[in-house]
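Letters A, B, C and D name the chains as they come in the text, with residue numbers starting at 1 for each one.
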Amino acid sequence: MFHVGLIGLGRIGKLHAENLVKEFPQANLAVVADPFLNDDMRAWAQSLGIKNLTAHPDEVFRHPQVEAVLICSPTPTHEALIIEAAQAGKHVFCEKPIGSDIAQIERALEEVEKRGVKLQVGFVRRFDHNHRKVRESVKEGKIGKPYLVKITSRDPQPPSLEYLKASGGIFFDMTIHDFDMARYLSGSEVEEVFACGTVLVDEAVAGLHDFDTAVVTLRFTNGMIGIIDNCRQAVYGYDQRTEVHGSQGCIWVENDRPNTSLLLTRNGTVREPFLWFFLERYKQAFIDELKAFFHALGENTQPPVDGVDGLKAVLIAQAASRSAREGRIVKVGER
Amino acid sequence: MFHVGLIGLGRIGKLHAENLVKEFPQANLAVVADPFLNDDMRAWAQSLGIKNLTAHPDEVFRHPQVEAVLICSPTPTHEALIIEAAQAGKHVFCEKPIGSDIAQIERALEEVEKRGVKLQVGFVRRFDHNHRKVRESVKEGKIGKPYLVKITSRDPQPPSLEYLKASGGIFFDMTIHDFDMARYLSGSEVEEVFACGTVLVDEAVAGLHDFDTAVVTLRFTNGMIGIIDNCRQAVYGYDQRTEVHGSQGCIWVENDRPNTSLLLTRNGTVREPFLWFFLERYKQAFIDELKAFFHALGENTQPPVDGVDGLKAVLIAQAASRSAREGRIVKVGER
Amino acid sequence: MFHVGLIGLGRIGKLHAENLVKEFPQANLAVVADPFLNDDMRAWAQSLGIKNLTAHPDEVFRHPQVEAVLICSPTPTHEALIIEAAQAGKHVFCEKPIGSDIAQIERALEEVEKRGVKLQVGFVRRFDHNHRKVRESVKEGKIGKPYLVKITSRDPQPPSLEYLKASGGIFFDMTIHDFDMARYLSGSEVEEVFACGTVLVDEAVAGLHDFDTAVVTLRFTNGMIGIIDNCRQAVYGYDQRTEVHGSQGCIWVENDRPNTSLLLTRNGTVREPFLWFFLERYKQAFIDELKAFFHALGENTQPPVDGVDGLKAVLIAQAASRSAREGRIVKVGER
Amino acid sequence: MFHVGLIGLGRIGKLHAENLVKEFPQANLAVVADPFLNDDMRAWAQSLGIKNLTAHPDEVFRHPQVEAVLICSPTPTHEALIIEAAQAGKHVFCEKPIGSDIAQIERALEEVEKRGVKLQVGFVRRFDHNHRKVRESVKEGKIGKPYLVKITSRDPQPPSLEYLKASGGIFFDMTIHDFDMARYLSGSEVEEVFACGTVLVDEAVAGLHDFDTAVVTLRFTNGMIGIIDNCRQAVYGYDQRTEVHGSQGCIWVENDRPNTSLLLTRNGTVREPFLWFFLERYKQAFIDELKAFFHALGENTQPPVDGVDGLKAVLIAQAASRSAREGRIVKVGER
């Protein structure tokens, strides 16, 4: 039996907790912490049979049996919690992004290194059956030398303004996944970024100095070019497409749908809408990323998405954010 | 310049005439005959620049320059007109079915043979880009040894009862194309037929002792089994699918649409309806079958769909018709 | 906690046992019986944490806590085991087909009725996301009045001759699923059957007086026509398509694939092969049918596929078998 | 009868000439000019029945019956030929791009205006059945307020270096079509351009100070963002996709294929490769753009793609070219 702690009971924390309870009989969710513990959380925990609930994250780190901690708290707390976990000798699974302050992230990675604990970052899309197939095809040389990587990522509906205020901006909150995808699919590093952002969905977003629609061009060290398009609103459902074009061909993946039906009527042929949002689309991937994490712990190997991956995505997001604000090309890691 | 005559100015006769004028600059539509010649036909002919219009088919056969005749008149006249054409030494392109009376058809084929003229039957689907691809794949062994052939053929809307009365019944009028497809796609001959017909679209069809929905099972000499499903009504458009399943794989073709668009909305993904009916779907195939006919004449080779093909489809239709009426398996050619 | 027993540790018995252990924390697999209990089964049971393993099915029926029994033994034992279970007051989930002898099945259904236990038959395809969508669309009137139901069911590879010998023949073993689908999708009863069988995949099958390729035409009481095509071999993977055509449109479902990738090369666009076989394709459906069974027990409602459904599919299979052997239309229930 | 002249017998000039002869019986190709007239051209002309062939473009302008001239000569000659045509009172159909020198283009447009002749530019993709459907859907409000326009345009194989030297660079030769598409699909004007070019297909292209792979981001006056990706090599065939995403949905078009076949084997499902290149893909569109031109002349209306459209695409290409070379955002029309 493997003992695990979890910090942060927002949407994603609850999702991981539920997966742990239902899908990992070999794991024991020994303790769950949330500083803003409330009755809803208590009822939810009870329904899952989680007994040890606390408002003090410290208790997770002090728990003698806990070997690994899942950090699902708000982004600004990530670096400090990673450091605490590492110092307590606990392995860490940290939700994306790994943090918001480059220096702090570097400090956390040093601590992880020094304490010899493992760290995996929650870039769940790497575990999706579709995107993984794109990566494998590129890696196996099925499209020859890669030229272009294209990523479309659009949410079905915008989050609340409340959420957006604390999100760090579209590049840190939403595109961060695509920056990781770009590195994963290309197998190369991003050197330069040009980002173009605008507000088309909800004018209130402009008041937050954020964007709700964005297009990002990336230049990679291996010469490839990348393109990302994001929108906070796609009424037809979560739109998640990736594509790599190369010298011998092209590989792309389409969206998943709940079934394969075609309804043919006078007005055309209707297929089902896409799976609605990330909970539906990446349902299995959320389980598989934990499997990979536990596998790395069990086999004492490097987790498939580590702290450096977490840091690099943040560096690209930082460059994109500057590029969009200043209207110029920005080098990744520019000081 | 190649001189051609045409008999019968119904929908299909007009179509062939228009193709001749527009698509075959090397052919001259020298004379067109219809016993029920009227002002509409005259106006239509004038708009196409057709000068020689007559109510007397004989004039076509007597025309000294005409080398080939397109027979587009009602089915019951086919055999006699083929005989007349052959006796006049004219090559013949005859619309499907080649006739309705087996003995008469055999008589016509003998005359064609004796006079050394060429005869092509208008099984236009053999010239369709989709079905042809299925045939080629089977022939090239891409699916290994063929096991099953499946044909779906549904019209967008039923013809008038007037038309149906003279049609010879669904098996002679509609399924006849599928019987030819079955032979073409399988590369084998039909031995036994079991047909199941019913009236579901329009009760009036029952009064004609005809069916509007039918399913036919075929047994081939090479051991394959065939299945055809027909319906006089498919509100979503002309449904024309063929499939051959074999030991190494399966090949099938989907329907054509006017464009490749996907419209994604809250309610699903909408593709365009199928091309509406045979004029749209087989537009190019109607041109290509005439090309093949003229090519056979020019090169003095056998036309790709000949009189025997025409006869065999009628024999299968006859067996299907008996099978459906008598509720039993019928051997093709049963006396 | 809900206590369950299971009889028969073949492929399907093991599958249900694994689902019970992994997916139903509220159920306790209290006892498992197989008369041919061997070391492999014991090792398998141990790996799943199943403690109570016996060679005596009686022990299942005598188990005081067991409320429901899953019958996964060979078909010829089904009726007797259902009767025993009913007499012991246990609810029954019985794999398809419900039996092979009509009189015996009727006897079993009477016993079930008399003892007031619930009986569900394992027609797993009713729980598939695709076929279910077809049924719902028909039921909701989306295609108007239904005319035709079409079912394609082809296995990726034939089972062993050993298996085939005991299978009862293709209609009882394989098409039985399609007979249930035909009733389910049409919402109507089958009146008449015409079946055409042949041996094309493996000649040895002829020696068993069985078929490996078959086409069945069905006539329904509501006037619809049904068509089923089966083949024991489809090298491209498990081919499971259903379609209903009606007065206002058509609904059909395509096969599932492991991902949505398109690999575009000089030679064409390649999509992934279909999911390989029923374990992959109906993975979730096997879980969902047990959910439905437990739900019916918990809520004291009728299971969604009951004994009469089990009997009716066998009656159609019997008619199909006779039809194929005697070369004639056979009425369902013909004595 | 409508009399037409044509200048320039390269690939595109021959294509238009053949379409004129075969598809427009109402038009007479009265005179064809090419300064580099050779025996191949003479043989080609003879095979088409074109009698009047000259090495002197002047003869086209002086031809008394000619009402319209098709300019298919190299780009650097366009402006001067338009001016000559206008001064001679001939209507003009000019291949894309309308020219390479902004001042000269403006001069040509003034002359066209002054002389009251009509001018259409050969942006053939506006007449494609797929892209047109995207435009219509946007215009009809089917996707609500448009947010993003995406265009993928990749050639199957790079042209010769010889051709590239005279092409004006990828943005003027290849992307020019996409710039027009961007305006057409969005219904808005481009304000700012950011282009990122690289050489990945053939290093020799770098020696020409050109690119063979490029990504362009566009900002429109209506707030939309556009993305174009280009590559001179797509071994899987001509890749022509367009997409517009908006507040109520998204519309996109896939590529055309020669048929709808699916070949299913052990290795996956294979669809036919895309139509190979622009001659195949835009075959009908080349005819339809001439239809539209003749229609505008006949009805005395404005041609659907006029000189201003031609100029605007060149202005965007100029901005893109600067942006890619100087690594900065460039305003369209920047002096």
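Definition applied: a contact is a pair of C-beta atoms (placed from the backbone, for glycine too) under 8 Å apart; a residue touches a chain by one contact, two chains touch by 3 or more.
If you're wondering where the values come from, they're calculated on a predicted model, not measured in any experiment.
Note on connectivity: the fewest chain-to-chain touch steps from subunit B to subunit D number 1.
For subunit B, the chain with the farthest CA centroid is A. Averaging Cα coordinates per chain places subunit A and subunit B 58 Å apart. Computed from the mean C-alpha positions, the centre of subunit B lies at a distance of 42 Å from the centre of subunit C. Across the assembly, subunit A contributes residues 235-236, 248-250, 263-266, 272 that each touch 2 or more other chains. Across the complex, subunit B is touched by residues 235-237, 263-274 of subunit A.
Touching subunit C in their complex are the following residues of subunit B: 145, 147-148, 150, 152, 154, 194, 196, 198, 200-201, 213-215, 217, 219, 223-225, 227, 229, 231, 233-236, 239, 245, 247-250, 327-329. Residues 22, 25, 129-130, 132-134, 137, 142-143, 248-256, 258-266, 272 of subunit C are the ones touching subunit A in the complex.
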